[in-house]
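Each chain gets a letter, A, B, C and D, in the order it is written, and its residues are counted from 1.
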Amino acid sequence: MNHTMELVIGAIFINNILLAKFLGNCPFLGVSKKMETAVGMAGAVVFVLTLAGMITWLVEHYLLAPFGIEYIRTMAFILIIATLVQFVELFLRKSIPALYQALGIFLPLITTNCAVLGVAIINIQEGYDLFDAIVFSAASAAGFGLALVLFAGIRERFETIRVPKQIEGTGIGLVTAGLLALSFFAFKGMI
Amino acid sequence: MGISALVMLGIGLGAAAILAVAARVFYVKVDPRITATEDALPGANCGGCGYAGCASCAEAIVAGKAPVDACIAGGPEVAIQVAAIMGTEIGVAEPRTANHFCTGGDRAERKFHYEGALDCRALFDLHGGDLRCKVGCFGLATCVRACPFDAIVMGPEGYPEVSAEKCTGCGTCERVCPTKVIQVFKLSDRLMHFNNDHECLPPCRQLCPAQIDIPSYIDLATKGQYAEAVDVIKERNPLPLICGRVCPAPCEAGCRRVAIGDEPVHHNYIKRFVADWEMHHPQAPPVISPETGKTVAVIGGGPCGLSAAYYLRRLGHRPVIFDAKPALGGMARYGIPEYRLPKKTLDFEIDEILDLGVEVRCNQQMGRDFTIADLESEFDATLLAMGAWDNSSLRCEGEDLDGVWKGTEFLQKRELGIKVDLSGKRVVVVGGGNTAMDACRSSLRMGAGEVTLLYRRTRKEMPANQVEIDAAEHEGVKYHLLAAPKRLIGDEKGKLTQIEYIKMELGEPDASGRRRPVAIEGSNTLMDVDVVIAAIGQRPLKDWYTKDLEERGLKLTRWNTIEADEKTLQSDVPHIFTAGDLWSGPALLIDAIGTGRRVARSIQRFLLGLDLGFPEGTFVGPQKLAVSNLVPVLGVGPRVRVSQPELQVADRIKNFEEVDLVVSPESMRDEALRCMRCGTLCYFNDEQRDAHLSGRPLRKKVGELLQNSPTLR
Amino acid sequence: MKKTLHMFVALAGIALASGLALGGLHQVTAQRAADNILRFKKVPAVVSIYQGRGQALAADQLAAFEDQVLQGRRQVDLGEESPLSLFLIEAAGSSPVVVFEAFGQGFGGDLGVMVGFDLASEKLAGIGITTMSETPGLGTRVRETRFTKQFVGLGQDAAFQVKKDGGVIDGVTGATVSSRAVAQAVDRARKLFQAHRQAIVAAINSGQEKASP
Amino acid sequence: MSASRLVKEFSKGLWREIPPFRLVLGLCPALAVTTTAENGLGMGISATFVLVCSNGLISLLRKVIPNEVRVACYIVIIATFVVCVEMITKAYFFELSESLGLFIPLIVVNCIILGRAEAFAKKNGVLLSRADGLGMGLGFTLALTGLGAIREFFGAGTLGLVFGEQVFFDQPFAFLQQAPGAFVALGLLLGLMNLVGGSRGR
């Protein structure tokens, strides 16, 4: 249990996937202009990342490893993630329209969210067992969501703040992300 | 090597199979434009556009929320493709420009005494409020600095002015403005805007059936910006020359001057002044949105049809006006006599509209010269606006006698070139409306020896414009009030000789609030007469209502008007719309103009496949907000209303020269300065509304603000 | 249907071609890549053990020594998932040392430690950290000699645990998890060595070099 | 197809649409691997290689790939080249592969590559697509190397790519080497680009 807690806290705060590992920055800057979209994106990432973490772990250990073809891991994983994302999108759209409304439009964005592939690969590299892999995936996604929502909250304030023309938009966004990352540094001593 | 290839093959096949099955099982129909746009977009799902993925970006583009060049990863090629799908071109797309535009709330009244931070946003964050300004602007030019195209400068009034040529509608100014007084909108949004209850609406603007932004044009007129003032009027009313002359100005009823015991501001002096000025100083035609390729048949070239055609044209559609008469103008031409509205002026105003690219087919009568099927084959939508030309019957014996005329038929004779000689004749006009007044005054000008007006109620109840009633009296019309015709008596040749009328008295108020006239038994009186003109009311004709229209499901009410949605004016046949008198029954010219613009909006949305409904809180017609009158007006005293210059009675009575003259620029300005700038000096801010609703006293005395105003003291 | 078939053929065809291409490239590069891992990750740890035994190594000798270590490695199949690589340090004037890698559970995942045993005395000849992803500045300090040298000369029966857990190792302050992981790895290596001493010695003596998988 | 078109498609990636500044794509590697100029260069070259190869191949196959599964096909093609790069760096540039680490496989999800595939390669000829890929890739390389150089020089006091082991500062501004510094440096550099370039990126 202690180990699981460490894994969760480590993934959310200390090695935050966005701010410390730099995974998933394109959507981070893209959809963080409004709180509403940020929350939707965060939800979608938690959903897909957990699912993808589980499936890729199974594929690695029951398909790639037995045949000794771990070298096509990247290849297999990305294809699986793309298929999974598209499948989930199609499924939600038809079957659970309410959830699709909330998450659906963010799903396609996740295919090229490197956080998903990144976490899947980290799961394998770190040699997690299935349970750990799922926990780590979910926690990483939660960390992503946390940073995204915090960032969107800050960014909404930019609308009424005077920013030098040259760094308006993405520029100030990046600098702010830097400060957010700095504040996340403070969690380093937690464990 | 073999295994890796096999596994990849397996995964590839599996992925294809899952997706193929899923695509079939979970198939959901979507707007083909969304699919097409999505196909055109890169599919990189990078999020650079601010939307979550290419699919949602495509949805936003099709929904009009995102520009066609929203995609960052795709670059210009993709933007061109998307523009083609959306049926626009980049750069040719309808220009969006920024404007300061107060929509009320707590923003319109702020006064700052802070000199530290020189940025609107800083002030807003630090203090929240208190700048007094016409549009709720802090005036620190943050938007000017923010504009990437240098399209904004600070005007002499202390708030930003936008150059329409330079503005690209990028929206930067809107984003930086903390009070959102500067907003970016498209021409069509602006033209098709209707009053909304969250806006800061002065009472005159609430009451104007066309919803003209009266304080704005008055303000522009005081500054000598006459062309701009006309532009403001024409955003709501394309016929200022006509309205400036004949509109009874229902807006004046709400004027806050009345609340302080003064006469209302005479909007029409100002409107007519700027419109006349524009007639003599031709301006560039207004901006027209990109062509949509849609055509609309406008049946009836009266004020309503002209108004609808004008707005449809400015929105980029191609309206064609059909009119049964040889010339356009409808009641404005054939119902309003020359001395009130010179035909030269009317022609100028109509030509201005036609010059925008509106086609006209005159002498074409619905049901006689063309059918609805003809229209359906040629046009995307049809507007029926033929007005109300049928005169109500007097419902008394002898109506068929020679010498008994109907009001509108009499009035149009002169315009149709039919000579009428009334020299020395005794004329009795029955009715109390404007048609009756016009008939009286026209009869005088045609040489009538004696003109008597018969009206069954008192002068107070007359629906005609007060100025008309007075003018007719000045010109020598005799008023025979509280009298109703009972019988028309003719000689053996069928020629009218006498009218028998009965005296009336006022009883209990009826549904319309006017006291019901009751006949006094036995008071029948005979009067010698040569001509009786019945002008007791009109209703739409029915001759156009042919079987094919009935078969299509178009329904008429028992007043011969068309049954249509109260707000959108769409009839039961989706592509047929109606407006003006044909929908409302006889009403004011300005009502017809207002419904003309309203129906143009509905047709526009119908043509674009959008929902016809209005946003919540919209007022489609005149509607007085109860709260408008509640705030006391301190510190403002009466100020004499400028009187209308007119021809001397002797000079005008024998001809059809225009009676009312245009006021001088000085008088116009004097009158314009009487305006208390309601709504721009906002008396209805959130705080005051809350105070009113909760019964608390107001924090601020409006009078204090007004005392500081040079125009109001 | 034809469209669906086209979809299948295209996707599967590309996947097949990709699998073939990667498989081919893998055959060409796999050996080199594996060597690289040994050379750049494992061998330096072996070198540090060698240096920890007081053996000087001049800069120009380093490459030669690395080659020697790489060449001299053996493989022994202990029935685990993959065979264990054994490295041998032979230096004049001291008994040969067998070195192999073991793992402990660190804070940031597995922590790899090369553990060397003196074949003569069976005492610990030294350790060298290979792979880890510990917190920089804290956990990574277990790499410092101050920590690793504690292991040198410990006997087979020593308690390979940090003092907090009742062992003999001084943990690095603020890096208990990482210190524990190193101790754990060494303990595992010791157990492995004890369990498979015969096989290991036999493998070393066989003198045969086997290709890694 | 004229040579000038070729030059145009090539040169736009170098300044006018240079990623990740003008085209705000590919941020993750731009932030993560630019601790040194050398890493930036390595990442840039790897991405360029993949970009040129995948753009070329996708352009070649553009008529064969059905629209419905095009993204999946593109991803497979891109991933193939990425894995190639991964294998090659592991075999021949081991130290680089260690420092780029996770980010080599993640080239697969670098949206520049998929973005260019969709926006350009799927409708243009092989040569043009390669020129586009090369331009974008070189622009990306330039940006990453530049950012890496700044972070390395000020953050670690070295510039290994040019000056080897030479150390310029004793107490460098280490903030720049760490995660927050990466964000701030990229943001400020972007501002600088806009300042110099005059026009503002979106």
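We adopt the following convention: contacts are C-beta pairs under 8 Å (C-beta built on N, C-alpha and C of every residue); 3 or more make two chains touch, one makes a residue touch a chain.
Keep in mind that this is a model prediction, so the values were computed, not measured.
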{"item": "Chain whose Cα centroid lies nearest the overall Cα centroid", "value": "A"}
{"item": "Whole-Å gap separating chain A and chain C, where each centre is the average of the chain's CA atoms", "value": "32"}
{"item": "Centre distance in Å when chain B and chain D are each reduced to the mean of their C-alpha atoms", "value": "57"}
{"item": "Distance between the centres, which are taken as Cα means, of chain D and chain A, whole angstrom", "value": "21"}
{"item": "Residues within chain B bordering two or more other chains", "value": "3-4, 7-8, 11-12, 15-16, 19, 23, 44-46, 48, 148"}
{"item": "Chain A, residues touching no fewer than two other chains", "value": "26, 29, 68-69, 71-72, 75, 79, 82-83, 86, 111-112, 125, 165"}
{"item": "Touching two or more other chains - residues of chain C", "value": "7, 11, 14-15, 18-19, 22-23, 26, 30"}
{"item": "Graph class of chain-chain contacts, one of line, ring, star, complete, other", "value": "complete"}
{"item": "Sites on chain C touched by chain D in the complex", "value": "3, 6-7, 10-11, 14-15, 18, 21-22, 25-26, 29-30, 32-33, 36-37, 39-40"}
{"item": "Complex contacts: residues of chain D adjacent to chain B", "value": "17, 23-25, 67-72, 76, 111-112, 114-115, 118-120, 123, 200, 202"}
{"item": "Chain B-touching residues of chain A, taken from the complex the two chains share", "value": "26-27, 29-31, 33, 37, 40-41, 44, 63-64, 67-69, 71-72, 75-76, 79-80, 82-83, 86-87, 90-91, 93-95, 105-112, 159-162, 165"}
{"item": "Sites on chain C touched by chain B in the complex", "value": "4, 7-8, 11-12, 14-16, 18-20, 22-24, 26-27"}
{"item": "Residues of chain C that touch chain A when the two form their complex", "value": "15, 18-19, 22-23, 26, 30, 107-110, 133, 135, 177, 213"}
